[in-house]
């Protein structure tokens, strides 16, 4: 496939994904994930220049398909208090960079995200900034998310909880 | 027309529009609108999950060509105090999604916006986040904005006034 | 070259640049610059509508290749205290507009940037918003940055120092 | 059995410590409403604000909603009554109540949506469940945990509630003054906004935050016709208002208790702004005197002390006259910030099309994006900021001396002190006098 | 020669001014832990917070790190000891110290990273250089500038340090009470978390900021089993917890000094959550009485006063039982904000695979993204905000009366006051009693 | 007729309440400038800051602009004079005035741009119009509204203004001390910056906000050569400064009244930094003594109390010597934040090319992006934050003892107390002594 087409498809995938998350269509979002998805958000830390600032040991998310499904299911119960009423969110996706892999059916897609999160009557919003390093896999004529590594740009997260997805 | 071309044109249109608004060339911005433009920003509300959170009754903007012209004209008088000195604004447009319509001369274009607004000597800026659902119409060899629905991501707007456009 | 290809290359260049800066690979960033680069960030000011709000006299940056190299070198010494530990930054690049020039080997590329900067254990981040007006020149089969004018959207910068690049 | 504390705890008066006493004596010395001299610092002192939260807002009837917002049993909106988070809810019994949105168990907000319809409010923390009348009806594992729990004494705390032609007011339970007494002469004028016809809101209020002290917009709507020709100077040039001195003509009225209204009649013999059909309705609903005034109204701005404002505004739009009525709260959320809530009121029986039109006229001129409102907020924000910057200069005073010494009219049909030219500041003086009286008084039995 | 001020300056007691005295007498009057009545305002008053920073945090032993975070000489982490920025560092001599992260010259933070390994801390301002033991070893141009500088008296200020089975605690130097005394009866229960086996952290702590007063989560972990069936009602429906009344079964224990623990035993005769291999280890490390309890534990939440919490939690995950142990600090950073630091503790000798699994179980349920934790923070934030909104209503009290009058068990093997049903609030009452005692007392010799 | 309040209201002294009295007595007890001991809390206490805003800034002459910024009649810049927003404007009469940017009617900011040229300032609220001399010349509808309005008494409030070789200073009207007295011995040294030639700014100042208490940079420029070898240690390695001890050589001078200067002469017999042509000009403009010093200067940092700093800096850049002169204000905007305004001063008559070069040298080293400045702000921010974190520890003091006991020079040509080695802290001690004197004194007749 032509590279243009590929990049366009990846962007479309990521925008579509953002749209589903931003409009609380979480079950539909799950359909974008492969069965064997690996979804990680390691900790960032403040370290001396040159030291690794991403923890290889602990994280905010360490998910598989099963746990993501549980999370979504939970929010849909009558007791998903944390997100009921839901936050108003917006996932600004930019700086998309696509790279082929050895497997013709898989591409690497890095992107930046700025997540805006506003709740209730607050005039303030949490801004969560970071990069996502994704692996997309072609399935059933479309793309699915097979792996995601989320690098968040804070050592201390400035949001009340992560009852939202990235 | 090839889909690529279309998406590129839409993006170009939206970027051009942002550029005009961000550099206070408001009369030129008006030229991008059709005569029968419909321009709405309904209220967002905090509601229980599943309840509609966009008001069908009231809004922050409910404009036609005539009223938008009045607004622009007003800012150009000697008495447009609210925006004189003007705010420094930046409209970050992303997540553009283009869709064809039944009419070959019209396309639907959804996009996310993050509007940064800084005034005077403040080191703080208002951030207004949201989505725009646009209808673009081909006219005179270019695109014009025929309809815009603005979904803003706050129930209580965190900016002093809407003497700016989206 | 087809216009698509050009725009794609420019975007790729700008995203690559952001990636290098955001991951503190500053020496590699220098390689993206031409030898005769001109890199300026003039002051913005709050002025009556119609008055120029960009200073032609003074700025925050006024750099050539030599001074940029010095800045990078300095941060790499043991005494680059300002950025050691480094800030966590993210440069959101959007609204890219490419224009040909008389010189087939040069293009003008305007883009918007939102720079997110977080340090230490703070839950707040500095947001620096603005536009960059770039001139890119084709060299050795790739693009180099030959000139950059940075219009920052604050009269009073809301960040502790500019030990970072734009 | 777990007994309740007194359902409405009798709040001791907050002790007046040295700092507080000093502030009060400084206010007594600096603030001279009758002479039209107000020190800048009252618009940005956090301590003055603290005092206001104790002595102004718990001692006044405050608007919380319009009845048309909650027409059905179970309908609710969440609002602020002064600083207190409340639920305004129509119970299953059809009665409207104002309930403190604070769980009687351990303080959780029992309702976190702006509006909705519900039979009960289930607290998310430990699951106490309250009927939409405020009654506590469920305590999880009641026997295992409490043995018995005196549910009858643990309903959501209810505020005083009363209404006036659709306007729902609330007050702290201790307030002795009735709404009727509180409004006093202002009722005659409120009728022009809300009794002239059955009114309804067009939908939920616009809400936005403005970095202004709450008193500036409140006083402006009560009193300040004088800013119109300059702040809103663009209007005539856009053809929306006839001319620049338009704002002068009419009546400036202090209706008592700090409530003020300015009635604009425009230039002599200008045509009425009201459609014929409505006039007939108005005549039926109002007294002849009220009707005689309303007929001639071109605009009418008013503030019910402390922070509830009304506006009738009319203009020429696309060659046609168009009017609208708006109601708004300047809700303080800090000494330098308000959250504005702004509704459009329309006559219930006019065609949908007319409602849309009036609403659009509103949006274009007032409200968050309104061409007039934009400049108002810019002013109030800058005055607030300036007052903060000169906080150390108690000598910098604001001037409210316009009309000092002018004689009120003898013959006006409505109550209060009425002046014939709208360029006047008696209302602002009365507003700050009321403000000062409350701050200096002990505020006593009104607090919860 | 430049002499040092006293290396640990003897801090005069802060003078008790009128305002302070008034606050204290108001607290004495309003706060009634023994009766289970706590006024809402203590969760959002900036003045109460200020008092806490003076009288609670400098008078308690506070956790700063776990020994496994800094195993090697030179390893350090930067943390807060109450409000004070400190470096917890293992010196080249292998000894752990807690050093004030404030240059003795002019106050610069000498270490600005979260963690690392270093031989020395070089101040970026004027270059004073400190060994990883805190000793001042370098003063630039010492002779030219000072002639001589008494380096021996200008080492980084050291806090008291002691540890308990891997937990590193620090305290202000003036505190007379030992860690042993401070923990008292709580040690018996802490053993279940940290002595049952050699424990290690799985890595650096998750950290996130929550707009909650620090006391709400602290008290919750000490005492509040009652919120589980409602706040976490989704768990049974997801199949993770057996049923909704699960939380009730077990023991509610005040271990003394405000330290509280709730031990959940689940429904009768349910299988142990512990793998056989671990049980053998536990048996070796614990007393028979402790072991008998630990065997039956399904969950155990605890708070060491003031703000250190522990949790053992187990659930059924993909059909299999899985447990984890977490430790966390609710670090106050303002009257309405905490920074949470949350670690996972694992038995050092279990397979890597098990550690991973336990860590994932933690992430999915507790911590920043945890399905249970999410709802907890939502509650605490709203309670804090509500308490701020009713600050002017001293009469609004929170209810902690559950279990008042119930008799403690006679026969429990562990120390403290033990109740047989977990739906109880004795621990919260004890927590606030300890809190009140410290605030009302002079806090005296404990301050630096 | 509406009469004015006194045009410059005589501000009563703010009453000294208990809390204030306690703070003052605590400062008296804790702050020991002469011994070089300064408690950390003065850099982050909001109450100390409040006191400074009342007793320091209204009692000093403060720089607001340079004459070359407003060369033509009608030219203006808006600035802060301490906390007060002012317009610095050259009237149509050519005279420079400093006008309070607060409308005499009701406090609106009459000018909201940073700079411009205007004949008048039209208030956006009610349209009061002021000439660029401050005179009130227009009151809308004056007759209708006020009958008559005493415009002559309602001009914009004017601050005291005086200038020194292009530097425009302002002061509160009540200040009795003249600028000449205020500057005192400092004039001799200021001449090196601003009298050596006719100086001009290169353009508007860089402005940026730094989370630092204002005293840290002020004191640093007055006194702190000692930080250079460490904070700016990268400079020699980049070849910009000759070596690391470079900063030591020269003079450390307390010029009186808290004003301090450090004159760096570099290593012996190093070549002058000044071009020959300029030296001739300098010689003409300065006294022989001043010229003899200026010739040998390699760098010179100075602070005019409280918050105005100057710097001559030179370095080797691309193999060539290059110097620049910068002037800056550390404008406090809160107890922990300053807005820095930083200008480049150049000799008016040098070629444009040289001006550009000197400006670039400035940008690369100092100012918002400067390679030296970057590290300075990082230090000041961390010290401020640290001082906030140890606010409850009055015993944590900062050390300013360097040079205590050293003898001043006898023979230096300039005024003041002069020390021969730049590694000294007499200037910081003098700075804090002056600060303390003002805070403890009654600040009396200087306030507005």
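Think of it as A, B, C, D, E and F in the order they're written, each chain with its own count starting at 1.
Throughout what follows, contacts are C-beta pairs under 8 Å (C-beta built on N, C-alpha and C of every residue); 3 or more make two chains touch, one makes a residue touch a chain.
All values reported here derive from a predicted model rather than from experimental measurement.
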Required minimum of steps from subunit C to subunit E, each step between chains that touch: 1
Distance from the mean Cα position of subunit E to that of subunit A, given in whole angstrom: 32
Cα-centroid distance, subunit E relative to subunit F, in whole angstrom: 46
In subunit B, residues with contacts to at least two other chains: 4, 46-48, 80-81, 83, 85, 92, 94, 114, 120-121, 123, 127, 155-158
Numbers and ranges of subunit D residues touching at least 2 other chains: 18-19, 112-114, 124, 207, 209, 230-231, 233, 339, 375, 378-379
Chain contact topology (line, ring, star, complete or other): other
Pairs of chains in contact (touch as defined earlier), listed by label: A-B, A-C, A-D, A-E, B-C, B-D, B-F, C-E, C-F, D-E, D-F, E-F
Sites on subunit D touched by subunit F in the complex: 18-19, 22, 26, 37, 40, 43, 226-227, 229-231, 233, 245, 248, 375, 378-379, 382-383, 385-387, 389-404, 421, 423-424
Residues on subunit C engaged by subunit F in the complex (per definition of touch): 41, 43, 45-48, 51, 55-63, 66-67, 70-71, 73-74, 77-83, 155-163
Subunit E contact footprint on subunit C (complex, rising order): 81, 85, 120-121, 123
Touch list for subunit D against partner subunit A, complex: 112-114, 124, 207, 209, 339
Subunit C-touching residues of subunit B, taken from the complex the two chains share: 4, 8, 12, 15-16, 18-19, 22, 24, 80, 83-86, 88-94, 114, 116, 118-125, 127
